[in-house]
Structures are given as structure tokens and as C-alpha cells.
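Structures for review follow.
You will see two complexes here that share chain A, one where it goes with chain B and one where it goes with chain C.
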Partner chain A sequence: MKVLIPKSKPAKGAVGKTGLWRTSKPVVNHNKCIKCVICWAFCPETTILRFEDNSVDIDYEYCKGCGVCANECPVNAIEMVED
Partner chain B sequence: MSIIEDKKSLSNVKVVTANEAVALAVKCAKVDVVGAYPISPQTSIMEYLTKYIETENIPMEIVRVESEHSAMAVAMGAAAVGARAFTATASQGLLYMAEMVYWVGGSRLPVVMAITSRAMGAPWILGNEHTDVLLPREWGWMVLFPEDNQEVFDTIIQAYKLADTTLVPVVVGLDGFILSHTTMPISIPDQSIIDNFIPKNTPKPYALNTEDPFTHGNAVHSNLYLEFRHNIFKTIEDSEDLVDEIDKEWSKLTGRSYGGVIEEFLLDDAEVAVLVMGASSGDAKEAAKKVREKYGIKAGVIRLRSIRPFPVKRLSKIAQKVKAIGVFDRNMSPGLGGMIATEVKFALYDLKNRPIVQSYIGGLGGKDVKIADFENILVELKEMVDGKREVEKVKWVGLDLAAIEKFLEEV
Partner chain C sequence: MTSIKQLPYEEYFLAGNGSCPGCGLTIGLRNVLKALGKNVYMVVPASCSSVVQSPFPNSSATVPLLNTPFAASAAAASGMVRALKIMGKDAVVMVWAGDGGTFDIGLATVSGAAERNEDLLYICYDNEAYMNTGGHRSSATPLGTFTGTTPTGKRENKKNVPLIMAAHGIPYVATASIAFVTDLYDKIMKAKDMKGFRYIQIYSPCTPGWLLPTEKSVESAKLAVQTGIYPLFEIEGGIFKISAPSKAYLKKEKRKPLHDYFKIQGRFKHLKEEHIKLIEQWIDQMNEEYAALDGKKIF
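Let's look at the complex of A and B:
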């Protein structure tokens, strides 16, 4: 019997488009954002998109809407809105 | 074979408890990493291992953790990088460890764990029973159950062979207190025999590798999980012959054979047989001899050594010969029967001429089970064969309901 070991390589969206799980979504207010990238560091699913100038946006295909980014933002530049 | 006959290794005889036999076997298996958390009656295994590390300077790491859950997590992490891993627990400790036990089974990591059997609360209890040892049989582990201290040592070594070959982790159960704290002589084979029997350079397709990183147990979709479970099922199902082969190979090296998945005692001409696991088997064997002498009943003993793989093939062969099997379970499945009795019935149901199978439950929480109890079972089985006694769903051994009423009245 060939042994099947449940191992896997890290890959984007290994269990599918987790954005479908969301009930509310984070929205970045770019006027308020100070580009500290704290949201990027805290996001448990690495769905904060970080650009060269340290501005950020959300990868809505995979963001589960947990709200950690909105909670951690020091200037309240991220708001959770119903999806 | 007795210790005295085993002249080859007479120089290596030690008089030890079964817990020290476990520790000696773990040392001789050159285990790399041990996850350690104390719980009676297992604790002295870890104490002995610590002593060996301190006094003999062996290259083994014992990681003292904050819970059984973490003890198994340590063993899992060590096994996942290709190290040889061990842990031990019992009773409540196994229940707390359960989540990680299941993860190790699913991840196909060849960890070996000793469980010194002990009943579980409530009510709080220290005494021996086998329910805890049997639980991992549903968790993707093999489960072996030796009878005495020598066999405990040998079975730990055999367990690494079985785990490394199948990539299924193995539980070795031993009777708490009755065996774990009882002293007997054991013979320890030359280290070179053990090194050759369980080499460390077996293929390790599960081992993490920094050159080619992967993870264990990442989420899968529903279309894959059934297939992984099927693979575990088939591997364990197909291992019945392997347990026999490992026992034979060990016997060639040491002169000690235990019959593989089942030890057959006086079964050649037996009409009735009691099926039993672990230390009580000695009493059952005495009982079989006595009822042969006293009543002329052709009695034998089926000692179940392997619970996973469950020995369906061997048991079916035995069932062609005997007319009644009394399964003595030192455990229970509430409201149904003994756990092993239900499995024996499942295994034999499809046979055309299947024997009577009577479930007996007793010895829970360390309650004494005597030779006379096994004699009684064998006599009852003979009466069932002769049509003088009805088979019941479950029969209880040593049940004293008056005593419990008196206890509760006094509360």
C-alpha cells in the first residue's frame, strides 16, 4: 500500500477563495492612512496588499473580514463595512 | 522460552518493573527525542529515562512540557524532522493529549507511545482498565498489548519496526500497576541486534527538509480527506501479516516469539476459549488448564496481542475450530458491550459456521479478576455449547450492586 502523506507546499488560497466567507469587509481611507503598514504586519491571512510607497489595499478575494486590521490601525483609517 | 534457557543473553538479564522495561527499550531503540509529562502509573518511565541520560550520557533529549497535549506535540515535531520520537501517558493524560494523538496518526509520523492502562474519572480512580489504551485504535494508530515485562521490552522494539515500515504510529499498552509496577527478570539482547532490527536510515518521505520546504496537515477539500482516511484504513488492515512477520524475525534473533497478532494457548483441540489481553492472560491460561483437569472441558486461551491491526484472518481460523469464545473485556462501550467483543462479533459475523461469542465485562477500575472467574467463564461457555445456558448480550464479572448501595447510603 503506497503511503499517502498529507503534506503540501505553501500556496496562495490553498483552500479556495476565502473571501467568500466574509460578512463585512475592511475599507481603507487613503486620506487618513499614514503608511505605517501595521495592518500588513498583523493580517493573519496576508491579504493586505503593500505597495512600494507603503500604501496599502485589501485583497478581497482572500480577506475573510476578521477585522484585525481595522482594530490595529492607529489612526482609524480602516473601516469595517457590511459586505 | 524462559530466561534460564536463553543462555545467549543470560549475561544481560535485569530485574525490572515493566515501566523500566519500557525505558530500557526506548534507550536501546536509540530514541532521539522524548516528550515528557508525568501521570500515574506512567511517570517512572520518564524518571528512568532521565536517569540514563544523567548517568550514561546517552544522546537523548527529554523535553519537559506543561501538558500531555504538548508532550505529543514535541513527539510530533521531532518525528516530523525525521528523529525517532517517544512519549508515554495514561488515563486522563491521554484524554488531554487526544487532539495531538489524532494529528500524529493523520500525518503518518512513526511515533511510539506507551500507555500504562488506567481507568478514567469520574469518579476519580487510579486502578487499571484497558479503555484508555483502546481509544487510539480509532485515531489512526496501531495498538499492541503485551502480557509481561519481557514482552513489554520486546514489543517497544517491535513497535518501532512496525511504525517505520508502515508510517503508522504505534501504541504499546501495558497493564497499569499490575505490570507497570511489578518486577520481573528480563533479558536484553545485544545492542547490535537491536540496531540491525530497527535501523534509523529507513525511508522518511514525511521528513521536513529546509532545502525543499513543505508543511504537514494543511487544509484539504472534502474530495481528498476520505482518500487519506482510506489510506490509513488499508495500511492498518494490511498489516496483520506484518505483525506476525516482525514477531517471527524477532524470534530468530532472540528466541522469543509471542505468536504475532494472537498468542494461541491450548487451542489445538479447544472447544471453548476465553479471549483476553495483557497481564490477566496468565490467569486465563491457568484457568484453562484447571478446567481441563477438573471437568475435562477442552478449554483454551486466545490472547489478543494486536488490537490494530485487528487480527481478522487469524481469528477467523481459530473460529473454525472452537465452538464458543468468551471475550473478557477490561473496558466497556456503554450500553452495548465490551469493546473487543463487539469487534470480534464484527470480524466473525460473515463466517458460515461462526462460534458463540459471549461478551464479559469485568475488572474495571482495577477490580480484581481471579483465576476462578476465568474458570467460571470457561464452564459457562461449555454450558452454552451444550445448550444448557443462554447466551446474553453482556455478562458482568464481579458486579456487586449491594456494595455500591451501601456506599451511597453512607454518603
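Let's look at the complex of A and C:
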């Protein structure tokens, strides 16, 4: 007899491509960015990608466009633009 | 103290989960799991977190996670701790529960586990109401707050669960905030290496429940500390200590005006000047009491 165990497996995008929920998207101005990675620490969605040199980029596939990164950026290097 | 740049790169909670935009819970959970690492077993009672993980057969959590009924989380975790001990595994068992599952429904099992001093880390993310089921009042909802079941504002004040937990004589109790991630990270790192029941309460804004613009979730958590409405402290071995982010705001003249905190949240929009005065009195009294306790052994 086969027993089914209700066990979920880890997967990215478990509820689908959450980028579709977005109405506006954050755009990083790399000239203004001071590489403080505050946006990365506060991103609720893990969609701010932090690189070795502390520069950041955004994973638009899953970014829900909440705007926390733009609001918390100390030098206003992230701008929310209509998507 | 850790700086933001020293936080680890590894992520244990994946993108594309079911949380609302700007969710405070996921900011907290991400950073808590960064501190705990891979060697953790999570127990989650019915709460937003059980939804945020996403539906079967996928899960956004990359660590083992057990979903339990509302009141059973601390009891299930106690069993898990003992099972791991028999299996000879050395790992942290963490309960990640909401304020409803801690302050109200789960309090009996939480208190039971604390009394037995079970070796587990209990984390309550406090969004000040039953947000998953539509925002009903809980005993964590502060005075005057609008919720689905208190349309004219709540008449009672918030229950002080951290002090109730400390009265159990457990080794570590702390309050933290998602707006001060490094302070939160340090507290988790400290609690991780301890033995016995450890209780941490994380202030975690809920954007739809608090009628809060999605981008303001971290800002409002920051203001909660700066206005003195949510002081951060730790009680280690019975000794009460105000944490660094809250230290400056114990004095009334240093605190930011309460209006700044109230005006960005729709749940406080109905408050009149006299109500705000009443809440202000409560904040003054609470901060005075905490300032007097600072550095003293209270339990």
C-alpha cells in the first residue's frame, strides 16, 4: 500500500510569479547607490539581490512592488516607477 | 554589535511566497533564519505564517517546518525537542507564532512549556491582532485601535506578555523590532546558544490589517520605538536591560510625537485629541517604569 505524506518541498515562487501582483516597480540608480545594503536587509520578499561588492539588483520576477526599499533608502537611489 | 553589512548572504525563506506586499512577518522571519542558519526545526501554529509558506506541494521555507493547530505549538515543539534528544541530534527548535497564538489561544501551552523550561526558542511576531482571519482584536491590540471587532477603538490595553513570560523564571526574554534588524539578529544569536525556554517578541507591522501604505511598514516599526510605544528590552537571567535602539527614547523630551506614528496608520484615524492624551499617559507611565527597572534583577 502506498502511503501519501502531506509534505511540501521547498521551491521558489511557491504561489506563482508574484511579480504579477505589482503596480509599480523599484528602479535602482547605481550612480547614487552608496552600497549600504539597507534595502536588501528590509526587503520582505528576498527579491533584492546582494552581490559580493555590496551592489544590489532587483529580481523583477518575484518583486511585489511594495516600495519598502525606496522608502528606506537613505540617499533616494531607488525610485518607484509605474510598471 | 553586528552591522547590516555583516548579515549573512544566505536566504532560508524563498521569494515568491504568499505574503502581502510590505509584510513585516517575512522581514522578521528572513532575518531570524539568517541568524539561526540551517540547523533549525520550525513549528508554526495557525497564523499568517501557515499561509505565507504557500499551498501544497510547494513551500517557501527551506528548513523543516511542522504546522500545528492554534493552541498546540509550544506543546508540539516540546515533543520535538525530546524526540531530537533521543535521536541524538543537536538542533534548535523554534516556534514561530503570531500574537493570537501566543497572547490568547496558545498561552496555556506556552506557559506550560516555559514552566517546564523546555529547551526551545519561542518567537512571537506581534502584529497586534488576528490578521490572518480578517483583523479581529487580540489581547495584543493596543488601546484605541480600530479592528474588525472594535470599530470604535479598543477599550482595553495590550497585555504585557514579555513580563508574564519573564515571571516564569526562564533564562531569556526579549522584545525586538523588524525595523532594527541588527538588534534582532544579535538577540537571536544570543538566544540560539542558550539552553532552556527563550521567548522573543518581534514587532511586525501588517499592511492590510493596519490600513498602512505598503512602503511604510518598516517606517512605522521604527516610529513605534522612537515614540516609546514599543520599547525594546531584554531580560537575561531575570535582569532587565533596555536595548540600544530604545535607550534614547526613555526620556519624554527625546521621544518623537505620537502623531507621527498615528497619522500613517489607518487603524488610528478615528482617534480624537483626548484619546491620544490617554494613550500618551500610558506610554509615559510604561517608559518611566521601564527606566526604573533598567539594570535591576526583577525576577
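By our rule, the second predicted complex is superposed on the first by the 74 of 83 C-alpha atoms of A that agree within 3 Å, B and C clash if a C-alpha of one lies under 4 Å from a C-alpha of the other, contacts with A are read in each partner's own complex, and residues count from 1 in each chain.
Definition applied: a contact is a pair of C-beta atoms (placed from the backbone, for glycine too) under 8 Å apart; a residue touches a chain by one contact, two chains touch by 3 or more.
Since the structure is predicted, the reported quantities are computational estimates derived from the model, not experimental observations.
In the superposition on chain A, contact is made by A:16 with both chain B and chain C.
Contacts of A:3 after superposition: chain B is touched, whereas chain C is not reached.
Shared-chain residue A:50: touches chain C; no touch with chain B.
Of the two partners chain B and chain C, more residues of chain A are touched by C. Residues 6, 8-10, 14-16 of chain A contact both chain B in one complex and chain C in the other.
Of all the residues in chain B, the ones that touch chain A in their complex are 106-108, 166-167, 205-206, 213-221, 227-228, 231, 234-235, 238.
In the complex of the two chains, the chain C residues touching chain A come out as 4-5, 7, 9, 11, 13-27, 30-31, 53-62, 178, 181, 207, 213-219.
The residues of chain A lying in touch with chain B in their complex are 1-10, 14-16. Chain A meets chain C in the complex at residues 6, 8-18, 21-22, 36-38, 41-47, 50, 54, 59, 61-62, 64-68, 70-72, 80.
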